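Going by the order they are written in, the chains are A, B, C, D and E; count residues from 1 in each one.
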Amino acid sequence: MVKVLRTGVYICEAGTGAAGSVDLRMLAEYARELPSVVKVVECECPNPDPVSVGEQIRKDNFDRVVIAADSPGYFKPAFARAMSLAGKSPENVVLASFVGNGAGASGSTERAKAVICCAVSGVPFGLAASQRKKSVHPDTLVIGGGVGGIQAALEIAGAGKKVYMVEKLGTIGGKMAMFDKTFPTLDCSACILTPKMVSVGQNKNITLWTYAEVEGVSGSAGNYTVTVRKRARRVDEAACVSCNACSKTCPGEAPSEFDAGICMRKAIYIPFPQAVPNSFLIDEKACLWVTSGGQKCGTCVKKCAKEAIHLNARDEIVEITVGNIIVATGFQVFDAVKMERYGYGRLPNVITALEYERLTNASGPTGGNIVMKSLKYNKRKKVDEWVFGPDNPKPKNVAIIHCIGSRDHNHNRYCSRVCCMYSLKFAHLVREKLPDANCYEFYIDMRAYGKNYEEFLERVHEEGVHLVRGRTAKVEEADGQMRLKGEDIIGGKVLDFPVDLVILSVGLEPVPESEQLASLLGIARDEDGWYAEKDYNADPTGTERGGIYLAGVCQGPKDIPDTVAQASEVAARVIRSILSDQMQDSRNTLSLADIEDGLRRQE
Amino acid sequence: MAVRANPNLLKQLKRYGADDVTKCFHCGTCSATCPLSQEPFLFPRKSMRYLQMGLGDRLKGNLEPWLCYYCGDCSDQCPREAQPGETMMSMRRWLTAKYDFTGLSMLFYESRTAEVAAIIVVGILSGIGFYLLGALSGGDFGSYPGFIPGHNAEYLTELGWDVKSVVLVMAVFVLGLLGINVLRMWWFTTGSRKDLNVPFDIYMKHILLCPWHFFTQKRYSECDKKKPWVVHIILMLGFVALFAVFLAHMIWQDDTHAHTYLGPLAGVMLVGASSFALSGRLNKTEAHYKYSHHSDMNFLYMCLFVGLTGLAQHIAGRIGCGAFANFMYILHMMGAVPMLLIQLPFTKWAHLVYRPHAMYFAAIQADVIAGREGAKGASAVPHKQSA
Amino acid sequence: MTTECKIGVYVCSCGTNIGKMVDCDAVTGYTKNLPGVAVCKSYKYMCSNPGQEMIVKDIQRYGLDRVVVAACSPRMHEPTFRAAISHGGLNPYYLEMANIREQCSWVHDDHQQATDKAKALTCAAVKRVPFHEPFDMQSVPMNSASLVIGGGVAGLTAALELADANQPVYLVEKDGKLGGNLARIDLTSPYLDSAKDLLAERICRVTKNPKITVMLNSEVESISGYVGNFKAQIKSNGEAVTDIEIGSIIVCTGFREFDASKVGEYGYGRFPNVVTSFDLEKMLKEGRVVMKDGKTPKYVTIINCVGSRSGKYNRYCSRVCCMTALKYANGIKSAAPDAFITNLYTDMNAFGKGCEDFYRRSAERDTIFMMFDKHAPPTVSAAGKGEHFNMLVKVNEILSGEEVEIPADMVVLMVGMEAREDSMNVARLVNISRDKDGWFIESHPKLDPVATSTDGVFIAGACASPKDIPDTVAQARATTARILAKICQGEIWVEPVYAEINEDLCSGCRVCNELCPYSAIDYDPVKKRSAIISVMCKSCGGCVAGCPSGAIKARHFTDKQIFEQIEGVLEWASSRA
Amino acid sequence: MGFEPRIVGFLCNWCSYTGADLAGTSRIKYQPNVSIIRVMCSARIDPTFVLKALSMGADGVVICGCHPVDCHYISGNYKAMRRFPLLKKLLKEFGVEDERVRLEWVSASEGQRFSEVINDMTDKIRALGPSKIRVQLDADKVER
Amino acid sequence: MDKKKLQIALYWGAACGGCDVSVLDTNEFILDIAAACDIHMWPIAHDGKYKDIEALEDGFLDLAMYNGAVRNSENEHIAHLLRKKSKVMVAYGSCAHIGGIPGLANTFTREEIFESAYLKNPSIQEGNKTVPQPQTEVDGGELTIPAFYKRVYKLDDVVDVDYYIPGCPPAPEQCKAVLSLIVSGQPLPPKGSVVGASERALCEDCQRKKDEKMIKQFFRPWQIIQDPEKCLLEQGIVCAGSATRSGCGVRCPDSNMPCRGCYGPMPNVVDQGAKIISSVSSIIDSQDPEEIDKILSGIHDITGYAYRFGMAGSLLQRSVR
């Protein structure tokens, strides 16, 4: 016969930030009724003293202690010490973590009760909180056509299963397609990505809808009905041969999204030459025909020998049924205008990381020459504009400033994880392409944590890049010369020196649509706006909702290998569910009674 | 020379208001943002570093906290909400306590009760004193300004008391205290530093900086934000004006001009500036008003109190409410004396002495260092780390 | 051979894309007379339906057995035309494309020269195509069982993932219990969740799952075969040998910790109260954060990057230590609330979700962080007599520029991760490579981080490079994606374009063996011949060019085909000369 | 018309051929003297191909592969990198001018670079004049 | 003459004579040949005159074995003559097969060779500028010597060849085997075949142990003490064995010398030298261009390694300088 362990439950109020919605009083009442619980202690101290807690344990003769809190791990060592001081086994300190087990959101008191219940029974929450199995529709929807989405779609299609891929823009490829080189190997982004893009386009198991958006989701795990709006490209994808005849005469212009806005594209355009689908589309905001209500222009139609252009095409709404949904919506970069002191948007030669990627990319508007902007007369608008040109003067001093919008409580608190390394890559490219230029990196912590990253850091350092610890404070212009002010912490100086080109290593942010999509899908977002995973350690790509998974940066900043690994992971889970034709239902539908049931089954 | 890290300094400084300093992760934004932070005095980051690590000696010999006027830009821009501006403020409080050899300053700063109690005790004592002074000199509590000592000086002289000598005793006491503390400050920051070895002529060269900074607060005006400077200078000029009124009253016995015009003006300045600052602090309107130590609040309350009672005394006197004017006068003195005896030498107000001296010493140090290092380029380029 | 072929040549003018610069009629006129050409036509859009139908009809009408399409890049439309001729009844590999758009009409501006070049390219295709051979997609069976080497969190996760998909798994663990390095850990960073719960759940599910055969105290003795068809011998408890057949192998052998006693300056082993992170983990778990004399430490210094980011030891960053150090700072704060905790770091790697917050929270709890240059690490020495603490840590603190002495009762060394001492054996066993630090090398560091150059062998977790738990779990599951995909297909399909060794010509010199990055070349020591495992070949052709005996053939890129192409592009030119 | 060199290009499928295609899609002009033969990887390029092209009358041969570390096949380009210097040594013995045979790294995004390589090579060979190999081999048959 | 006997002729072109000796080296088998054949010409053993051959009917000879390369007009003349008079023409030995050692002269022009042999040679008396001329006027008459060609040809460059027997010289056993076959009257292999050699490379017969190959440094044979059990290439010695037909009996590697490639390229190989450089450089163990260059600097005289025997038979055949 197993000895009943006298259990003391400590409900700690301190640090109950996110779970402020948990009713601690009700929780205490509930806990008191649980078997083997001899006492519930409500503990307010943020730093309980092990000695006094130990005395209490000895007094009450607890054999086991359950710490229930938002993040009870903060108190665990104190309790372990208290147990050992009281002569009890420190092994018997059990954590009941609200946040770790999904009791951070609303309706959390019930969940918190379940968490305590599991902890008191000594059963991991994940085991008890298992859901009913449901059968699975074999098709899958992938939202987002960046490298994460591509990887996931190809893996699933490789298993012979049908995949729908919905991409917001006119081409798949995402941000990675814009990059020049990838760190730390410096291999060319296009070389490794475009073959995958082409495979997506050619795979018969993948239905690719670009320029499309998810408009509605209904149903439940294993069987979701999704409404997709296929926005009118106005150019027939199948017929277009990307001959470029149409865009030559097109009068409409807009900043090129693919070139991060550093040059213009036409209203009828192909995002980039290797776009998949390799077809033009019309930007209705810039198209004269559309904006004039069909009154003006329309020259492109005449130019198209394949008669592929249908200016009056309409959006199409399609409805599909899928068993699994993979969210791989990626990120947008921080809007550097918000940090006024760096002068982005005001000073022409302060540019963001993505702009630099295009600037240094051989297929970018300057053919890969790193140059400064110069004033050029725009005939159409009849104004002087600051633009990049392949033959513009080259900068002599280039400053790269890390952590723009990241690690900053005024903006995004989190670290964007990739900026240090991409900044080092930028510096390397500066040194490589402009051997005479000085290149400065201003950083706070150099986060070179991945495989071969540290080696890359040292290589860049050896190449003569000045690594300056200290994020700079401001960029100012006087007499046509930009000056940068910052502290060189290790050198013990305040710097004030001339720079010609400033690259802001902007952080990663959730895409603006993420809020809407989260509510469509019924999944949670964390306080920074990233989609919330089900369990940080155990289930970094799952959501509380069954059959909906996260891949890549939409769950939190990530570099390419980590994104790809996650994408393969979710693909694995999708294939698994289809193969076994069963999947767990959404966890957020579990009631306390369900979990108590589950506990009984475990025992 | 190696220095020893000390965990207690941080604990101590927390009592002076440095609550957030551990949040700082040293990105350098603050030092570079600050227009006042120039070589060889780079702050606030480095001072914060000393504080985090508990390098008390480094901090004690540090002039940098005084070079900061707390415009709050650094706190606004700090990515970690480590409140560098407030930390500098705390360090000024701590330094004031350190300079004070009596230990009273430390007591007042570390204990709100102690400061309040001291103010109340001195206030009550001085209230009783001034009442007695007025009453004993035969002043009629209903007549104004007749009740006020000095308006019937003859009687006092007969008593063997001279108001001037009372004032003189007080002044010697306060100035003596401050003088000793300034000397201590000099010793901590400049005198004891063997590496400096300042020649006498450099001391003379910059001596005028002290009054210059005292009166103009020129340096405050160099902050990017100008409003705090304006508020501060109004407050400061209010005190100067009051002091002028006082001097005029005491030395030249000229009551009419000073009292009629300058007094009310000073009162209005004082009341205006201090109530602006107080409301700012209560509503936490600006970065430098977000965090208030009890010494800040006490000082502002006292300023407001002294200003308001002074004004009330004046107006009441004008409209002929003599008793009320005299009552206000007593209250006024109950505020003014503790300010002079407690806050001026020991707490918040002491900065009026330390800050100009800090500018002075800083100029001396900068001069010495610049002279030693020769013509070092002004616009520094980042140094290169060892690979 | 040439004369036997009936070649159909189709020149696309791609609207005006080609036609504007290249005189397509001149190209057809020239091509028509080349030997073997049965029909030659020009059309506006070959890729359009009518264009494709034209080819299909011609195949039947003229009895064509080879087709050349001179149009855009084969990267664009080769699949299209392959499908078309296959529809017409020809083997899809009987097609050859001449790229006269991207590499001709679009890049030149002289009509005559562009037309000449188009002729040359078409001629090359016409000369090459008779030597094309027919191929069919090939397949080998896929054994649905998998072998997971290593029973840590990665191994458990991977095994569960496969078993939940109803596939048999053999989980081989060297130790007597499951859990690996994670079993030594109490709390996880940055949310301080219980590692025990995480592991207990997994171990429980693994042991209960009938699809998983757990083999404790076991090691893989030998492995042979190739993707989908491996055979392995498992030795359990030092003797019993089990033979298993599996289709895939997942290697998750994890890491070992750096040996802190290598770093003399830190006095590990010399001072009793210098402990490693793993020692402290145990102390925290057992609730005895005390010094050797039983007293509670008043000063604790945590030193990061022990053995990592170092010129002397390991160059790389171990990725998890910073957050683990913060975990310890919080743990010590909790267990010994009065302790003064300093953390000496080089760069604070708080890059993961929630990590930056954790860093700040730790700072708010009065952990004092001091930064040192990674090339000038701190030193630990005994405290002087009469001091109230027992050690002094000296560090050149670079944020203040001061030499700082830190009193310490306990020093915690955050030891980095290293490749396991047996990683070389494992690498040999499963035929994968290791980098200079001993970590297993992935197939592609960016786009294929869990596959290896050997098909069917996957790596997950910290055996490939230091990794935290979420990344390990993600990788572990990721490995199963391709395994499950192949199981779904039931067999492994191989592109027929691969290299093959002509056994009659191979003399077993073994020059090619090292040339294959995918270990697809297998040497048979008995027959003294090398052979290519076609399923593993990725058709780069490196071995073909390297084979001194000319015994290796690159299917669809044979020497002969390329010689013909060379002659083709030059023939037209030389006839002009 | 003056001398127009005939250049044979061997391009790897994943980087350089794609890069050459990109030059096309980007309409970057270059001289029409190069004819491209696609191979899967620069490792496939047997020195025999180069000799064959020269003996068939090519005035120049250019081999293009992925930049080091970029190889689609992990290390194929290193094989080309190793073979090339030995081939060049051999060609020197045969009296083939240095400019006639080149190894260049061209990535999939370097359409511009590809065109520059071709233009540069064409210009240099044009200045050098026609290759004598084919002419002499033909002449050798007639005149001993 | 017994018509039943095979009518054969052997000729020695631009060669060292080793090939002729190799036929002698079949020892007592030579008696069987003599019994089975009528030998019309065999410079080392039988005194046949050109005019005797010229006198034969076309196609009279059953077999002509030509050894040596074609260096001068006399070589070519006899090659044509023998071709005309014989049913089967065999290129015997490396020189006839692929140019052989004489072929290496194709690295130089005729003028360079003359200069070196007749003008700059230390044995030439100072001032002597005598250079051989095809025609020389002597006492009103004209003397001719065979014209020295501007390059060396292999035999099939000038005449149609039916079979090739490679080797420098061909191994006597191989010679014996081929001759036995012909004498036996069994059906002959298809025209153009290489006979008397294996279809596989020398490594097939080489008994040294072979492993995976990665080379960090190249050596010449005398620079290291060899491991007699281990593949020479693995030891850094450039051995052409893997690119060369076997059939020689592994004479060189068995004597601790690397194979030089005299048996010529493998059946599928167009250019033996290209294959040698391709394979040898493929297995260099480095990814760093500078290190690769350093390693390659250990290979001296690349032409000598790649084309010791095969230059005239290679794709480029000759230097174009």
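Please note the rule applied: contacts are C-beta pairs under 8 Å (C-beta built on N, C-alpha and C of every residue); 3 or more make two chains touch, one makes a residue touch a chain.
Bear in mind the structure is a predicted one, so any value in this text is a computation, not a measurement.
Summarising the inter-chain layout, the chain whose CA centre lies farthest from the centre of chain E is B. The geometric centre of chain B is 66 Å away from that of chain C, both derived from CA atoms. Distance from the chain B centre to the chain E centre is 106 Å, each centre being the mean of its Cα atoms. A straight line joining the Cα centres of chain C and chain D is 32 Å long.
Here the spacing of chain A and chain E, counted between their Cα centres, is 69 Å. Residue positions 25-26, 80, 385 of chain B each touch two or more of the other chains. Multi-chain contact residues, meaning those touching two or more other chains, occur in chain C at positions 75-76, 348, 360, 373, 399, 444, 515, 542, 545-546, 559, 563.
Multi-chain contact residues of chain A (touching two or more other chains) are listed as 185, 187, 192, 407, 445, 458, 469, 489-490, 492.
Pairs of chains that satisfy the touch definition comprise A-B, A-C, A-D, B-C, C-D, C-E, D-E.
Put simply, chain D touches chain E in their complex at residues 46-48, 50-52, 54-55, 68, 75, 78-79, 81-83, 85-87, 89-90, 93-96, 131-133, 136-137, 140-141, 143-144. Partner chain D is touched in their complex by these residues of chain A: 180, 185-192, 194-195, 242, 244, 273-274, 361-363, 367-368. Chain E meets chain D in the complex at residues 73, 76, 107, 147, 149-151, 153, 157, 269-271, 273-275, 277-278, 280-282, 284, 286-287, 289, 292-293, 296, 299, 302-303, 306, 314-321. Note for the complex: chain D touches chain C at residues 4, 6, 8, 13, 17-18, 20-21, 23-25, 27-32, 35-41, 43-49, 52-53, 56-58, 72-76, 79, 83, 115, 134. Of all residues in chain E, those touching chain C in their complex are 199-204, 210-214, 231, 233, 240-243, 246, 265-270, 275-276, 278-280, 282-283.
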